[in-house]
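Both of the next two complexes hold subunit A, though its partner changes from subunit B to subunit C.
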Partner chain A sequence: MQLRVDKLGVIIAALAAYGAFLAPFATFRANRIVAGEARSISEALPPVWATVILLFVIAAAIVAALKTPSPLRLAIAFSTIAALALGIGAAAGHLTPPENSYARVSPASGFWVLLFALGLLAADALTRLRPSPLVRVLFLCGVLGFVAALLMSGTWDGLSLLKEYASRAETFWAEAGKHVMLALGSLAAATIIGIPVGVLCHRVPRLRDGLLGVLNAIQTIPSIALFGILIAPLGWLAIHVPGAAAIGIRGIGAAPAFVALFLYSLLPVVANTVVGLAGVPREANDAARGIGMTDFQRLAGIEFPLAFPVILTGIRIVLVQNIGLATIAALIGGGGFGVFVFQGVGQTAMDLVLLGAVPTVVLAFTAAIVLDALIEMATPNRNQVQSA
Partner chain B sequence: MIEIEGITKRYGETTVVRDVSLTIAPRTVTVIVGTSGSGKTTLLRMINRLVEPTSGTIRLDGEDNRSLPGYELRRRIGYAIQGHGLFPHRTVAQNIATVPTLLGWDRARIDAKVAELLTLFQLDPAAFGPRYPHELSGGQQQRVGVARALAAEPKVLLMDEPFGALDPIIRAKAQDDLLAIQKHFETTIVLVTHDMEEAFHLADRIAVMDKGEVVQYTTPAEMLVKPATGFVESLIGAGERPFRLLAIETVATAVEPGTAEGKAISSAVSQREALSTLLWSGRKALPVVGPDGVLIGKVSLDGLAQRAAGRS
Partner chain C sequence: MLRLPNLFRLLALAALVAFLVQPQWFEPLLRPLVQENAPAIYNQGSLLQLTLLHLRTVAIATAGATVVALALAILVTRTSGAEFLPLSRSLVNIGQTFPPVAVLALAVPIFGFGEKPTLIALFLYGLLPIFENALTGLTTLPQSTMEAARGTGMTGRQRLLKIELPLAMPVILAGIRLSVVISLATATIGSTVAARTLGEVIIAGLQSNNLAFVVQGGLIVAVLAVLIHDALQAAERSLGSRMGR
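This part shows the complex of A and B:
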């Protein structure tokens, strides 16, 4: 067998080498806001741990740099990531002096570079393997399950991020709930309203141009400005409409955030519904009419199923967008993970920022993978070929 | 019985169908021919009200076709659209089952009908039923489209170039199947085609359309002998006329007394086929056998030549 070099793999190997040998693996700080001191792998870990991790990284770099089978690349990428995940937990235990609850240990640039390189290796291998949507979701579940197991087992308890979490576990889950409510709730509202509006736009071309224009204009308003614009009318509603205040409508808080996210969501849902319906083959529509379907039967039985993958794409855009945008809701007292981000920025406590940012990223990533899989499963051509 | 009376369709300033009147007898096949854009599809679609006429009326069995909602009218009239128009997200079986499902047939009856129709069109129900339209060839898709139009056993069947994508062998087979189905269910068929061969093979009556008007509506034989306009004549093809004349009748009507040498031919084949056999075998006459295989006479080159001569 001849050894050949993989172009992307060489870059990955170089990144991994830099991350493992030149950049610091962990940062040690005497307390949560002072500047940290860098620690390399050999300094941060007991010798046995350091050796094992370095061996894993070297093996992964070699496998990456050469042309090797995708399953092998995937396996080595994931096992090295797992070793790193366990290793960073061990580093926290190793670096923190006993009985010291002020000291903070967190992953440093070398760890992140390694994680990035290995993530790239895994993603590249996965792309080449072209797993079916179901397998991708199972993979996602596996990774999330592994992370959950590490969190529950306490392996990472020594890390600064989890210490930050431990001191505000209750608020964390409350804000998580609010975040998901904001993102999903506004999406649900936008879907329930946007799809019928999209159908209407499809049927009434004159309405379409006007409405899509307005929704397009809303999209271009910066989110903070939109929150600001909404404060006045919602505040007015709260004062003048009986019962409005009682159900949580106020100038600031969750209500304007919800409304703003809803307005942002409307365009992708409506536009994709219109595009999806317009893409239904003319002959299929014609045959449906010719065969004696009523307008509603045609909509429900032919047009909607055929447009569904496109509509789902709109929903995916909205969901991922809303999960990110909901972070800003904290600025006007709407809650969500943004609360930690902005508190952290205020206190220059990076760990607190991460406590808000990391779950947001994980949520968005998960939503993207799951919905992409759903879209692929709903798209006729793919699942037809598979079912044949 | 379909009575089309003074039907006109205008789109803005252009008149697409102009003052067409036709009476289509029940249990017959009427073929509409004409150049592209002459209004054939439009005329067909006014029968099931996919297109609303600008003026005029259409009656089905004496009843104005506007007397019930369009969708109910269309459930009673089979319609095979130009191109196949199959629903891409539904299997072949589901496609065929569309109208019976809309009509609320029970499962068993629908399944039996789907299997019957697929078999009729030479598509194995077990193999083709679960497939999706894009997994079929163009010709198979077209046959499924026709099967779907037939599913609810409509008394009236409108077909817009239903066999356009079929190869000559399957096409001939599909045409014969259609005629058999038409006899069996006593369907009234209105069919649009560009293929004159097909028109003469299938039609009890042919309507020729030119620029939105029906310029001649008559039997194939009459049309061959007395084309109403130069356009009809050119459509038939001057060089083809004697052969078309022979093609629309069977040997049975050309049998002469006596017998001849050589391999006998059946009285059920067309006279054109008999002529071809005569020419190819180099004989002057051939023996003819009836449906039961009994010798009933002969068919001769001279006899056929006389029949092929224009009777004008």
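This part shows the complex of A and C:
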């Protein structure tokens, strides 16, 4: 068998070698705020662990650098990532002196470089394998399940990030709830209102240009400003409209954040509804009219199903964008993961920043994969309908 | 020929410049937004200076992002870089799910406070739309044109410079425009990590409960974004019509 070199793989292998041998694997700090000391893989782990991890990394580097089948590349990437994930937990146990609750151990640059290199390898293999939408979602569930199992088993409990979590577990879940509520709630509101408005815009071209112009202009207002500007009208509402305060409308907090996210969400929903409806083939409409369908039947039975994938694409854009933007809500007291991010930035506590940023990224990423899969599953129906 | 939309743009530009140079003129307009004794015009620094710093940050980040994104896009669309093409597409998709705040917050521990993490975050975030559009532009060139170029004996370099890049330019410029508009708004968040941008005005307003600050900071950024967006679009159009037949 002739061995051939994979260009991308060589870069991945070089990155992995740098991460494993030159960069520190873990950082040890005597307490939460002092500067850290770097520890390499062999220093951070018991000899057996260090050997196993290095063997995994070397195997992955060789598989990456040569032209090898995608399933093998994927398998070695994931098993090495799993070994690293277990290893960093073991490093925390190994480095923390017994009975010391102040010492902090966190992953260092070498760990992140390795993770990035292996992530590239996995992403490349997955891209080449072109899994079906369902398989992608199952894959995602598998990875999330693995992470959940690690979290619950306590493997990572010695890590600094988890210590930050342990000291604010209750707040964490409260903020997580607020974050999801903000992102999903504003999306739901924007969908319920945006789709009918989109239909209306499709039917009345004059309205379309004006309204899309206004919605476009809203998008240009920076998020922190829009959040801030809404404090005033909502505060006024709370004071002057009876009952408004009782349902949670207040000047600061979640209400202006919700309204701001809703306003940002409208453009993609309305615009994609308009584009989707405009893309419905004329023949489909003519045929529907020919068999005597009413306007509403045509909308519900023909136009809407055909436009659905495009509308769903709009919803995906909004969801991913909202999950990210909801972090800003913390600046006006709206809660969400941003609370930890901005607290962490204020205290220059990297782990606290990560406690807010990592769940946000995971949420956004999960939402993107799931909705991309849904969009892909919704699209073939279009061909069936068209050919029918 | 001064059509109505252009007249509006000119007026907006004039108002913006006037506001930046002589903010006191607008004081009566913003006065109703604040309590009795609070200042209605940002008084902790010059609005003009902050605007220029804001624009500078965006310009540097976008220029860097353009160079790198374009170089990468050219690289992965050559035959020798074809192995990177599928992965680079997925990376763009994955990268765009990263919230800008997260990128910014994660850059702080590495690069410290101030302008650097903001520049890095804007640069990384700005890469994606430019790279995506450059890829689209360079991979959807008409087959017949490419055949013809090859047929006339052009070298790979000549084809790239004389055929591929000019043909893909409108799509690439659209990517740069998108990137600039996103960066203009995202730069304001940089002020949460002490970068000197217009976000400073907004955050000062949020902290001292001064709505006038929030409104003026937000409006300056919004007007800048709209004007720059329209200007770039006009530039694209004129470039497109000059090239098109």
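Annotations
Definition applied: the second predicted complex is superposed on the first by the 380 of 388 C-alpha atoms of A that agree within 3 Å, B and C clash if a C-alpha of one lies under 4 Å from a C-alpha of the other, contacts with A are read in each partner's own complex, and residues count from 1 in each chain.
One rule holds for everything that comes next: a contact is a pair of C-beta atoms (placed from the backbone, for glycine too) under 8 Å apart; a residue touches a chain by one contact, two chains touch by 3 or more.
Everything numeric in this text was worked out from a predicted model, so none of it was measured.
Looking at the shared chain after the overlay, A:7 reaches subunit C, while subunit B stays out of its contact range. Greater residue coverage of subunit A by touch, when subunit B is weighed against subunit C, goes to C.
In the superposed model, A:344 lies in contact with subunit C only, and not with subunit B. In the superposed model, A:116 lies in contact with neither subunit B nor subunit C. By the touch criterion stated above, A:306 is placed in contact with subunit B alone, subunit C being left untouched. Once the two complexes are overlaid on the shared chain, A:323 sits against subunit C while remaining clear of subunit B. Of the two partner chains, neither subunit B nor subunit C is touched by A:146. Contacts of A:21 after superposition: neither subunit B nor subunit C is touched.
Contacts of A:231 after superposition on the shared chain: subunit C is touched, whereas subunit B is not.
Once the two complexes are overlaid on the shared chain, A:126 sits against subunit C while remaining clear of subunit B. Those residues of subunit A that touch subunit C in the complex are listed here as 6-8, 120, 123-124, 126-128, 217, 220-226, 228-229, 231-232, 320, 323-325, 327-328, 331-332, 338, 341-342, 344-345, 348, 350, 353-354, 356-357, 360-361, 364-365, 367-368. Against subunit A, in their complex, subunit C makes its touches with residues 33, 81, 83-84, 86-87, 89-91, 93-94, 96-102, 105-106, 108-109, 181, 184-186, 188-189, 192-193, 198-199, 202-203, 205-206, 211, 214-215, 217-219, 221-222, 225-226, 229. Residues 45, 48, 50, 71-76, 79, 81, 83-89, 98-99, 102, 130-132, 134-135, 145, 148-149 of subunit B are the ones touching subunit A in the complex.
Put simply, subunit A touches subunit B in their complex at residues 281, 283-284, 286-294, 297, 302, 305-306, 380-381, 384, 387-388.
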